[in-house]
Amino acid sequence: MTLLEVDRLTVRFRGLTAVDGVSLAVAEGEFVAIIGPNGAGKTTLFNVIAGSLRPSAGEIRFAGRPVAGLGAARMSQLGVGRTFQVARPFGSLTVRENVRLAAGRHYLANPLAAWGRRGRDREVEARVAHLLAVTGLVGLADRRAADLNMGGLRRLEIARALALEPRLLLLDEPAAGLGVDGIRPLAELIRSLRSQHLTVLLVEHHVGFALSLCDRVVVLDQGKKIFEGTPEAVRRDERVITAYLGESGAGEGAMSGGD
Amino acid sequence: MTYFLVVGVTVAVFAILALSLNIIAGYAGQPHLGQAAFFGLGAYTAAILSTRYGVSFWLDLPAALIVAGLVGVILGVISLRLARDFLAITTIGINFVMVAIFQYVPFFGGAMGIPAIPSPAIAGHEFGYRDFFVTAVVLVIMVAALSAYLERTWFGAALKAIKDDEQAAAAVGIQVASYKIAAFVLGTALAGLAGGFYAHFMSVVTPNGFGFPVSVSILSMLVFGGLGTIRGALAGAVLLGIMPEVFRFISNYRLLVYGFLLLFMVRFQPQGIVGEDSWLVHQIGRLAGSLRTGGARRDTAGG
Amino acid sequence: MFIPSLVNGITMGSIYALMALGLSLVYGILRILDVANAGAYTLGAYVGVTVFRLTGSWWIALVAGAAVAASLGFILQRFFYVPILASGPIIPLIASIGVFTALEEAYRLIFGPYIIEFPARVPLPDIHVAGVPVRGVQLLIILVAVVVLVGTWYVLGHTRMGLAWRATAQDAEVAQAMGIDARRVTGWNFLLGYALAAVAGVLVSINYDAVYPTMGDMPAYKMLAIIVLGGLGNPLGTIAASLLIGLVETFVAAYVGFLLPRDSIAFVALIIILLVRPQGIFTRGAVAK
C-alpha cells in the first residue's frame, strides 16, 4: 500500500525553482533514499513533505489524504516523524524530557487539553525508557540536552522522532557532520529500524551511506527527478554520474565510496 | 505595623505580576515589556465595576482577570506575526497607548483616574490592612502553586520547548501558535487579577500607576531573581520590592543605586540571583550535597 | 498653517533621524535595543550647556558634547554590552535600562532637577519661507541633519569602514571569517551612535532653550518605535521613518486633532503598520518568520 505520494510537486522561491515537478511514492515498510548534489532541492522537498514549507504547486497525500501545507505540527500528529539536519534539541530540557514530549504527542495537540501532569502515563514512560535504551542515551537521560555532544545529539534526534511512533520517518542527512567513527553506529541504528518494518524516507548527501541502507533511491538534480530505481542500478546510471561529476571532481569517489 | 503591611501587600502584588510575566517571558520565552498595561486593565475593570455598577470585590476580581486575559488574546495574536525584537517594541508601544487611553478617554476618568473604590467586605466586615495582606499572600501562594503545577504539565514543557526551538516544537506535534496565545492569555489574565486586587487596596487608580516604567520594574524583578523560575520571580519581587524601603535612608540616591544594581546584576549574573545555574544556587547545592550523608546526590535547590 | 507645520515636521523629523540613526546602527551590529542611547542625548545637552557657559561657543559645545557621549558609548559596549550578548535579547535590554536610569539620576544629582537654560545664538539668521518665520536654530538642525545623514550614507556605502559595517550587520561570523575585526566595527559603531545622539541633544536643547534630567524619557522609547518602522538595522529606512513620524505627528496635531497625546502617535502608527506589514515599512525581504 502506498503510504506517501508526492505528485508533481513544485516549490518556487522568488523566481528560483527549487523543486520542479517531482513525483514519487513510498510504500508502507519501504526504505527510500533521496540523493543528489548540493542545491538539488533535497532539503526543500524534505521540508515540504514534513509540512514546514508550502508547495507552490502539486499535491502530497499521506495515507490517502491530501496534506500539503498542513503545517509541521499537524503532520507530526498525523504520524510523520522527522529529524533535523542540524540537530535541534530542546536545550533547556533534559534528554528524557525531549523524548517524552514526542512520546506524549497526543497530549500536546491542543493547549486546552495539555493540563495533565507529565510522567504519569505508563505507556509513554515505557516507550521513553525503551527508546533511551535503544539509542544508548540512558546514561545521559537526566542531562540537559544542550550539554550533549554531536553524536549524542544525533541519537537524540532519532530517539525523539521515533518516540512519535511515526508511520513514516523522515531522516534529514543524519550522517551530516559525523566522522567515520560516528557513521558506523548510526548506520547500525538505522538498519535496526528497517528490521522493524518502519517506513523511512532518507535525504542524504553522503551517497554510500544512503545506498547501503535503502531499498530504492530517488536522485534529484537541479530540482528535477533524474533517476529512480535500485541502489545497484543507480551506480551504473549515466545521468546520475554526470550530475555528480558536474558538481565536483570527487563525484566518482562519492558514488563508489562509503560503506 | 501598618507600614509593614502596606509594603507587604505591594511586594505581594509585584510577586504575582512577576509570576504572571514569567509564564510569558520565562517559560514561553516571549519578550513582553508591557505587562503593566494588563495590570492596569485589571485595575480599571475592578474600579469601574465597583464604583459605577456596585459589583462586589469577589465578582469584579474574576472580571478583571477575564478582561485582561481577553485583551491578552489580541497581544498573543500579534505575537504570532512578529519577530522577537519587533514584538518587544510593540509591547512597549501597547503599554504607552494603553496609558494614553486611560488618561485621555473620559470613560476611564482622565488623569485623575477613578477614586473611591470601596474596600472589600466579608459578611459585613470591611477589609483592614491585615485582611488585605492575608488575601495578597493567599493570592501569591495560589499563583505560585499554579505555576508549579504548570511546570509539571505537558503544557509547561511545551512552552519551554517553544522557547528553545519553535521548529523542533512543531516537529513533535506542538501547535506553536495556539500555545503562544495560551501563554499570553494566562500571563495577562493573572496580571489582571493582580490589578483588580490592587485597585481595591489603593482605593484609587490613576494612569501613571500602570506606565511603562512599571512594566520595566516587573521584568527587572523577574530577570534579577532568575527568568524562568518561580523562586526567581518571588525572590526578585521581594528583593527589588523592599529595596527602596531599605535604602530609604539614602533616598536621594535610591534610583541611582537601583540602576547600577540592575546593570551589574545582569552583567555578572545574567541568570538571576537564584535562577538556573546561578552562583548562589550552585553554592546552596554544594552545601546541601556536603550536608547530606555520604553526599551521594548533588542537587540544586528544588523548584 | 501648512507651511509652519511642514517646517516643524521636518525639524522634528531631522532630530528623530539623528537620534534613531545611532540606535539603528547599534541594532544592526549587536541586535540589541539600546535604551541608554537616549542617555547620551541628555548627556550631550548637559556637557554642551556646561561647555557653552565656559566658552560661549555653540560649536565647541556641540563637539564637546559629542566627544563625551561617544566615550560613554565606547565604554558601555566594551565593558557591559558585548560581554552579555550571549544571554539573549532581554538581558542587554535590561542592562541598558539600568544604565539609562542611573544616568538620569546622575544628571539630576549633579545638575539639579530643574530646567537649565541654553541661550546659545547660532550663526544662521531667522528667515521667512512663504511668509512664515523659520528660526535660525531650526535651519541649523535641518542643515546638521542633512550633513550628518549624507555623510553616514556615504560612509556606509562607499568606504571600507562602511563595507565592514554592512558585512558585520549582514552576518557577523562570515564577516569575521573574511578578516573584518568585529570588535573594531562595534567600537566605532557606538562612538558614532552616541555622538549622533549627543548632537541631537545639544541642538534640541538650544532650540527649546532648555536642558533637564528627564528630557531623554520620551525619545528613549519613541526612537525604538521609529527604528522598527524603519525596518530594524536599516539606516536609510530609519531616516525615512524618522521624517515620516516627525511630519505625521505635526500634521495630525495641527489638522486632524487626535484623541491621544502627540507622543503616542508613533506607537499607534507602529502597531497599525506592523499589523499590516509585520516586517516594518522599509524592510526588504522577510524578517518575521
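Note that the chains are named A, B and C in the order they appear, and that numbering of residues resets to 1 at the start of each chain.
Note that a contact is a pair of C-beta atoms (placed from the backbone, for glycine too) under 8 Å apart; a residue touches a chain by one contact, two chains touch by 3 or more.
Bear in mind that the values here come from a model prediction, so they are computed numbers and not experimental data.
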Pair with more cross-chain C-beta pairs in contact, given B-C and A-B: B-C
Farthest-lying chain, centroid of Cα atoms versus that of subunit A: C
Core chain by centroid distance, with centroids computed from Cα atoms only: B
Rounded Å distance, subunit A centre to subunit C centre (Cα mean): 48
Distance from the mean Cα position of subunit C to that of subunit B, given in whole angstrom: 31
Whole-Å gap separating subunit A and subunit B, where each centre is the average of the chain's CA atoms: 42
Contacting residues of subunit B [partner subunit A, same complex]: 149, 152-155, 157-158, 160-161, 163-165, 167-176, 178-179, 181-182, 228, 276
Contact footprint of subunit C on subunit B as seen in their complex: 25, 31, 33, 78, 81-86, 88-90, 92-94, 96-97, 100-101, 103-105, 166, 212, 216, 219-220, 223, 227, 252-253, 255-256, 258-263, 265-267, 270-271
Subunit C residues within the subunit B interface of the complex: 27, 31, 33, 79-80, 83-84, 87, 89-95, 97-106, 109, 221, 224-225, 228, 232, 259-261, 263-264, 266-268, 270-271, 274-275, 278-280, 287-289
Interfacial residue positions of subunit A with respect to subunit B in the complex: 50-52, 71-74, 76-77, 81-82, 84, 88-93, 97, 100-102, 104-112, 114-119, 160-161, 164
